[in-house]
């Protein structure tokens, strides 16, 4: 392994193998199994004909997300949140992030007083579960709204853009794209970037795990993310059968 | 469709297509994706080096199960139990049943003071989730103990027999094996039978959904179950690479 | 004690002394203190003029049950469920069973959009609490509906039959009726049968506590239960002042 | 009914019929069914061989109480606290009061590092449940400690005195002893007094339900309570088979 | 220090330095920072245009209180109740007391179908937090209703009187007014008195912490309280800019 | 007001008036009331002589934070989290952020196996509560460790640097520093930056509230933050009585 290679042989700016398998659920209006390497997240979008209280009679709909992880999705089994009786701070933080990200590209006035709930459940985790959830969650949401369009329940797809997400981090002094779990565990800093197809920033979250990082280091991570998200958006287009 | 056919063309005593895919988890010591038709249950077995308080210094281990259903595993989305903050009575009832069933064929003195937790998570539901969970849960448990045997952590597999489960029901006056969701919804009575490879009964649960049922009707269900479980045990043997 | 006797001198097919004392509550519309030997369950039926959401404007009512056990009803004190902040899986399982059993003989369209809640609280436990709860719960429910009839709120009692329940088990190789706690603790298998006055089966629950049991053993338990339930239904008739 | 009579014919300073039935539980070390008129509270005392964390290795024991009310103990059914998942403020307040009252006359250094838990469960409520609970709880506690004495686990009963409690209130301008529910509902003020056999005050709780009350009115309530508690302590002595 | 002095030099019948600072919140309709020596309680009154269910269409409003303590308000840090997931019995007991006390002097028919919620949050504790909360809570409530009067939302202030509260206790054989934490910790008995400006009693709570107390001792505490509350009501008048 | 002015007259790159008042708690080892304009956060640091389970016998300590908001800290009253029985996702997210930020500059091996808990309670909110909490939380933590140093419990202060935080946002097309609530409510994007005294980045969180933002816009926010944090660190130094 040369200095420029990662444990799995990837270049610093390479994504893991990405797959976005659609229509994986018999029941959900839209669904996508998003795999970033060994990370597998099942995303389903469910449409309900009612909105939260604060939107009643507003003519607007709502998009929200929930996130969960199967107990043995991880290397060491975690307690089941349903059994512990509450969701962890990490879970709540991630599902709030997914929901904000999806709403950022969706015209909430464009599909009536309906709620779309995007469930992102991690079947297997190997780093980057929240970014796979956002990327696959968009696909599931898109398919659910396409379903409504096919039924003539709406007249056009209410999206202003696509949205996808990727993690980056500083590991051993180098900026790397799309960290797997072992890289993430050793990162000096890690960051998650949510961006649109047009390259706009929707969410930035960067955290020093050890020493603080410099502005230049942060810029390097952001540049990597721009590369990665562009590829993810292309993969979304392909999964949705749309021209790039 | 003749009178003797079911909606999907099955005979009254036919199982749905069954598959028991093993080693589907990168992390778990044992795993199995159990599919009974469109019902898909991911079963993982996790070994921990400690036992519940009541077994400390007993030289015995413990096997327990947890059951969950992804929110959109069903036709209509259910609330996430982790978000509601508690598991439903149905969930608790099913996971207690799975645990008892697995313990019935496992020698708890045969693998040291360890706990094995079998997680059964329903990815997609179409009737019979608890029976798929028991059938697949046994495979995952077997693989986890085989894993310990391969590592010489135990000297032999601590099983007295196999265990599998199937549902039966009275629908439109006929006794049917392995109900799918639409049959289950219309059943006059439904029953779940947990049995061993040798044909012993481990658990019987039968419920009148409409009128009470007669002893003769119950006997007919039990006979169907004997047929079904024999096939499931054969499928387990094949999945585990064992001679029938 | 000869081989054919049980610790308390009963024959294998004998019930413990049964009493069904009615009108034990100053407040409830119907009430019954059901005693099976030393097991004492206070059952009250409460009528409310509203139904759960899913029945609104359906013209139908609802019957549901709740089950509880006083902390020192048992030999060793249990934590109070209200203090622990949740009901155990066992509690939820039992109260779901009681509710289904009572609904099985009640015409839900026969008493308007009302809910009847049957509370079964175990004052003292010595085995068979769920069967005493069902047997006494029916009496309380019957009295509450009789109360409505007396007030001309309904025109006839909306029952298709009586319902009662009994436990049986395999102890020391013998099939025994109506296990007390010490027998239950040593049972190879135990079963609960809910049956109607006409002998129809409403619920069957059988569990191997040690080795699996055979079909023939199960049949023996079922035959015992038929004998026991017939006596319980007669006791209900007497308690309700009805001709046998 | 003359002006000086109450609805049930009692004089202003008369208790309702009081009964303190002992040894009503097959399992508990001490038990008492305390009835103040139609108010019935089942009190059990349970001994455990461990103490709360803050008393370990102190050589001292602990006495605590829990209070509950069956859902249909009252005229209108209340939700079951175990089902709601938490105890109400009223419940917590009452059980803290019972615990403090019992500890006030018990030498906690006199029965080793043991905990005695006194459960007071209201089977039927008609006003004064907390005072019946304290009065009957003392009897149950006394019997449990007598039980230890009989087993030679302690050398003497660790009581400094008896303790009992009674309610009083201002109704229609008059000070009345031992209010029933209908009196309590119409009271301008109500008060609960916990006192020892020697007449010492342990707890005083008085509340204006409507207008504030004067010092003179309060004094009248206190005088009534002194009369009532003296009778209750005599009833305790009799129930315990002790000389007055 | 002579025998007649307390640790801080106060006479037995002296209050600690009292301050009632008003309008300390930018947002609340009424607010008061109540300090009794080192005890500091922030009281805010919030008006909402709706009432609890049981008062809808009654033409009446509601006043309620909530009480909380910052984790490090005390000498030893306490767990945060929001993190523990429930309020302690002590918290619930105190906030019920505050609510009852405020309602005792407020005409609930005098401000429409509105709710006023008085939050009493202890920033620093040194004994007497509940009495400071009641005394300051009244000021916050008064200011909120004055605010409604200024806006002509009501025509007059709906108060029948002022209300304030003080603690007293028996320490080292002496009756002392307004205990601080160190005195409270050593008290043989402590009591809280809630009284009106006119001297009427609203709430009395007295507890023997060690030996029972006599009627004469209780009277001494009550006399001290009358002195203390008179001064507190004067301080309220001054804080509110009203003539004494 | 010219185009370049904000509602309160500040320049785009100006902080609100900042104050960091120290030693505001009688009990806590370290405390600071941090005010950013009308936002007031009370920060206390509490030292405990034990560490979480995962650090036992590691020779290392732990720093953690909790965040809360008084119910009427905000313009519209929020439900009390202790009463609702759980902390919101927002609360958990903020307290995790505060904890990570403080640990980033603290040598956890430098103060033994002790835990320091920093409570940040918002007394009044007007935007930027989390940044005030981090900035004031550092001061409280510093004082608590200074307290240990004064007691010779440690030999030197275990800090690698200072840490402070500030918010920035895009409002009406302009990048502004230290948003107040009304600015925050209208922001197209808002961001929080946690930085060290040496200018290193510890945490970056940026969110598009409406349209996505560009890389250039993000850079402008970051530049503002660098200015702001430098001033906050200087204020911390002054509050701590240290040379700039």
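We just call them A, B, C, D, E and F in the order they show up, numbering each chain from 1.
What we mean here is this: a residue touches a chain if its C-beta (ideal position, glycine included) is under 8 Å from a C-beta of that chain, and two chains touch if they have at least 3 such contacts.
Just so we're clear, the structure is a prediction, and the values are computed from it rather than from any experiment.
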What is the set of chains touching both chain C and chain E? D
Answer with same or different: of all residue numbers used at the interface between chain C and chain D, are over half used by both copies? same
Whole-Å gap between the CA centroids of chain D and chain F: 51
On a C-alpha centroid basis, what's the spacing between chain B and chain C, in Å? 28
Based only on mean CA positions, could you tell me how far chain A sits from chain B in angstrom? 33
Hey, what residues on chain A touch two or more of the other chains? 85-86
Listed in rising order, the residues of chain D that touch chain E in the complex are 86, 88-90, 92-93, 95-96, 100, 104, 161, 191, 195-196, 198, 200-208, 211-215, 218, 222
Residue ranges of chain B in contact with chain A within the complex: 25-28, 31, 38, 42, 44, 46, 48, 66, 68, 70-75, 77, 80-83, 85-87, 91, 117, 119, 121, 123-124, 126
